[in-house]
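Shared between the two complexes below is chain A, which has chain B as its partner in the first and chain C in the second.
Our next item is the complex of A and B:
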């Protein structure tokens, strides 16, 4: 915090503001009027896309933060220790399958994972949960089935998501000291509140207050990520992206880029992917469906709240490599 | 527990979001942003935001009452930046006049005369619908999934969409276009049918029209495309749901 305000500063600022204003006015008089209508158009597209993602994501974020609040108040550390094994493979596998109990998408899973870490969930279980839960849950099962039917695409999407989540979980099980991976605020040795003696109504009230804090904590990353995604969509032409997307390698790269750019919720992304059937190969659409729920602009923004930067890198890079590899294999082995 | 001022601000922003979503739900503009099938989810969001705002305001009142009784303890400072960032959606929603996606989005989203989406089975049912009931998406699907498109020539069509002039089209032709949204505006893409009409001067880019006429199968860029030879082109108000939901 800078509290040393020199008396000359305000006047300096004033001069700068006036100079900038004069500059803008002179510059704008030289810019053709079409530029402004172009800008207004872009701004409108930006606003509509931004609000589209935001309106769609807020209910899911609310559900995720509510789950986080309820976990904080109703679950205690002993219960989690009892349920989740500390052995790496068992922890990763059970973490990957926890989405069946907590059906959350990629917006909701981050606050919930963060809370579970605070409650002493083993690192590898939490990371597997983070990556797998947005796909391996009943809601996505049904939305994928209604888009693609109970067929190959559904099986491979779930199978690959599971394998990737377990792999990344195992990679992190090498790290014994979770403080190297998690942001310091999450170090689980901090004192924990006890809610045991509270009445149910009081517990729910506390859970709601935690929900609010989490909503603001995570919401700002949702907003920043959505802003970035909407801006990129406004200025990068999706049609040129799709036009270059032929061929076994490029098609996978384009679909992976699109998964990150579009930043749509995993509960509905299969309907979007359906739009690419016919234009894109099985492998490239599969990589879109596997990678998109794990990594997109807004979820990476939120990951930085939970993990240290190096850990975020691995959480993004390993799924990227694996889903790309899977997409390429399908493209080359014919499908 | 966070500072009381932070709590009050949280409550106001939650209330602001709640009112913003609710106003969109009431004036029907939610479908400018998301597929109608997700509206129930937004309604849940509105309700839950209201409950959370109420909980926060109650907490503020409570802590004020407690303060009167005894001197207050330590307060963690919650980063206020997080709060201000949450105002961005409200600012965007309030300051930028709302407008559904239109031809100005074509530069980034492109325009399609084919409809590669949705499962193949839904095209079969389309044969049973009255030809005048079909929308732009239905026509494109029919032309996409059938090799014998000549059978559709001469059928009556009546579709609603917005006007888009494309120089690549022939003389006295324009596109009647519509955005298709599966999830939210972010995945929206435009589809269009060419229209043959003699009086282009009376039409404006992006104005909404109802086109009635007969279908003629034409080939554009090696693709079978349904063209409407228009008998009437009438200006209509923006439909309640400007996008088509597959």
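Our next item is the complex of A and C:
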């Protein structure tokens, strides 16, 4: 038997690649050049928007994860149990006001809440904290006041954020088994480390290690959410939205959509909202300022890491309906 | 566990359904209410400033032309409608609302948006003009403050706090507030603001080591022009020459009017339309006119630095000069007409003696101005002469022999005049007097200086 070598034949994959390349070149030669300049322009916009949102959000995520690391190391379950009431109303109210102690925006609040859940924070308190802390904190108080003055907008923003956070917290207090709404890894009954015997230096080192782990863990979802928000902002023109935003109903819907799409940090969103005064009604701007810090694309991506899908739906839908209701009430009956 | 789960979902979905129902009910009720209009008049038959801008806010964006058709003011008053945005409209009076008149603003029912949304029910608001006040300064060895008094004999009210020593002030044309100056701890002079009722006294501009003086509020109350003398680099170096600065009361922007540092400025004053700002350059003996709408600058020779008074339509102004003639120095009144681009001598061209023309005031009525002058060169006292600038005929309104008068100020309607009066013989406190149509002689109002209307 003669041993022969078969002549070298191009592999199937190579043929496919060449075919696809030929197809792309042929197709692109048929596409007008203006399309490519439009695409390049859109990509530039995408990159700018992406960097704008990401660079703004990253420091707050870092702060949130740092707070999370410190909570993990320096707080134990007993302390949480001592400080936070188990009664639903008290837990929701205290959770809503915890932002005064932990002034975090919507990027930082997610990892911190996740950590607090691990430490045994009641579900209702955690949900209320998650929704209220991005607004009910001293930084946002002063930024809103400097944009709108110590006047109606400031009061209603804080009051409504508080009411919505407490309401959603109370709804979640019905659920007695947190494992039904929290992702499995967050089951608060799981084994937790004890840092009691460590020195302060070692505790801080551990806190930083946890911070780094969590930062990269949550960071993935921040990148994903930011990409999505940037893509939507690139291809859905803000001016188009604004153009259809007149009328008491549409103005609220447009501002709620913008709140989700723009994904602006709650510490600076007042100044963006200030630009809409005159074009949009008080009610629609208020709904933007209340709903935006609770729900936007990047925060929803991060919520999915903490809660099961069903819970995420309620966390998004109830504040959405309540913000819409408030905006409509103001548009029709109020200011 | 399944039961618990179910009840959580049931509660959450129930809450969502309730919210959905509430949203539906709100939309149903709201749509049936139609477009709602609100007006910045907080109470029934509210007393307002004679120059009150009436703000109408609609609950949604409206069609401007349709809105015009639905708005009426009774009795009819000269003014214009100005849109701030698609939901907010202002009625800006061109002349002050009349005293002792009840006005009714009505927004009638009708279609007001391009989508066919309508105002379902007519609504009216009543208002009248509040009693005008006169702001003035009261000074003695221990205090210097701004006070306000009306013409009805009510007790005067102190507007500035007792611990503040006021150096100068101006009252807003709409009568809502007063801007005044006072020394700060650095030896500089700051600008402050206080409301017409003495409330909300606050620092308007911290001038640090500089001296910010003689504030002048634009008639539309958007700007304060003032004279600023910069502090030297060290305390032993004197202050720089005064320059005119402009503070925007809405944005806080604060800049010199003239970029050229050689243009000095003192005693700023505004045209009634708030578009032209005049100041006096004592070094160059020039009146500088700056047109804010065109950014153009004009100069008029004047060596007195005396008051510049504008015609109600902002096209002409009068000012005084002192001219050397063969018979000696003569004061004259010049009239600058911006539409004709010429300046002429209005009064004093051929005077045989110097009448000391100085104090001028032009009322909101074109045909009514007032001027202070001496009846003869030998008399120190000034009298006040009300005259028609077009015909130069008039009557003496304040000429009591034992008094001298100056600093006249017309009320917004051109019917009442307040002024400074000094009794010549003996040691007397400066007084404020007033004159109205129908008076044979001026009346004493109160002790004080620098009266200004606070309508």
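We take it that the second predicted complex is superposed on the first by the 318 of 335 C-alpha atoms of A that agree within 3 Å, B and C clash if a C-alpha of one lies under 4 Å from a C-alpha of the other, contacts with A are read in each partner's own complex, and residues count from 1 in each chain.
Definition applied: contacts are C-beta pairs under 8 Å (C-beta built on N, C-alpha and C of every residue); 3 or more make two chains touch, one makes a residue touch a chain.
Since the structure is predicted, the reported quantities are computational estimates derived from the model, not experimental observations.
Superposition model on chain A: chain B and chain C are shown in a clashing arrangement. When the shared chain is aligned, chain B comes close enough to touch A:268, but chain C does not. In the superposition on chain A, contact of A:314 is made with chain C only, not with chain B. Of the two partner chains placed by the overlay, only chain B lies in contact with A:230; chain C stays clear of it. With both structures placed on the common chain, the touch criterion links A:176 to chain C but leaves chain B unconnected.
Contact with chain C, but none with chain B, is seen for A:251 once the two complexes are overlaid on the shared chain. When the shared chain is aligned, no partner comes close enough to touch A:323: not chain B, not chain C.
Within the superposed three-chain model, A:332 lies in touch with chain C and out of touch with chain B [touch as defined at top]. In the superposition on chain A, contact of A:167 is made with chain C only, not with chain B. Counting the residues of chain A touched by each of chain B and chain C gives the higher count for B. When both complexes are overlaid on chain A, the residue A:41 reaches chain B alone and has no touch with chain C. The superposed model places chain C right into chain B at 150-158; the other stretches listed in 96-104, 150-158 or 222-230 stay free of clashes.
Overlap of the chain B and chain C interfaces on chain A: residues 278-279. Of all the residues in chain B, the ones that touch chain A in their complex are 1-2, 10, 13-14, 17, 21, 24, 30, 32-35, 38, 41-42, 44-45, 48-49, 51-52, 55-56, 59, 78, 81-83, 85-86, 88-89, 92-93, 96-101, 104-105, 107-111, 116-119, 180-189, 246. Within the complex, the chain C residues that touch chain A are 1, 4-5, 7-9, 11-12, 15-16, 19-20, 22-23, 26-27, 29-30, 33, 36, 38, 57, 59-61, 84-88, 113, 115, 117. Chain A makes touch with chain C in their complex at residues 167, 171-172, 174-177, 180-181, 246-249, 251, 278-279, 281, 310, 314, 317-318, 321-322, 324-325, 328-329, 331-333, 335. The touching residues of chain A, when paired with chain B in their complex, are 41-45, 47-56, 58-60, 62, 66, 147-149, 205, 208-209, 211-213, 215-217, 219-220, 223-224, 226-227, 229-230, 233-239, 242, 262-265, 268-269, 271-272, 274-279.
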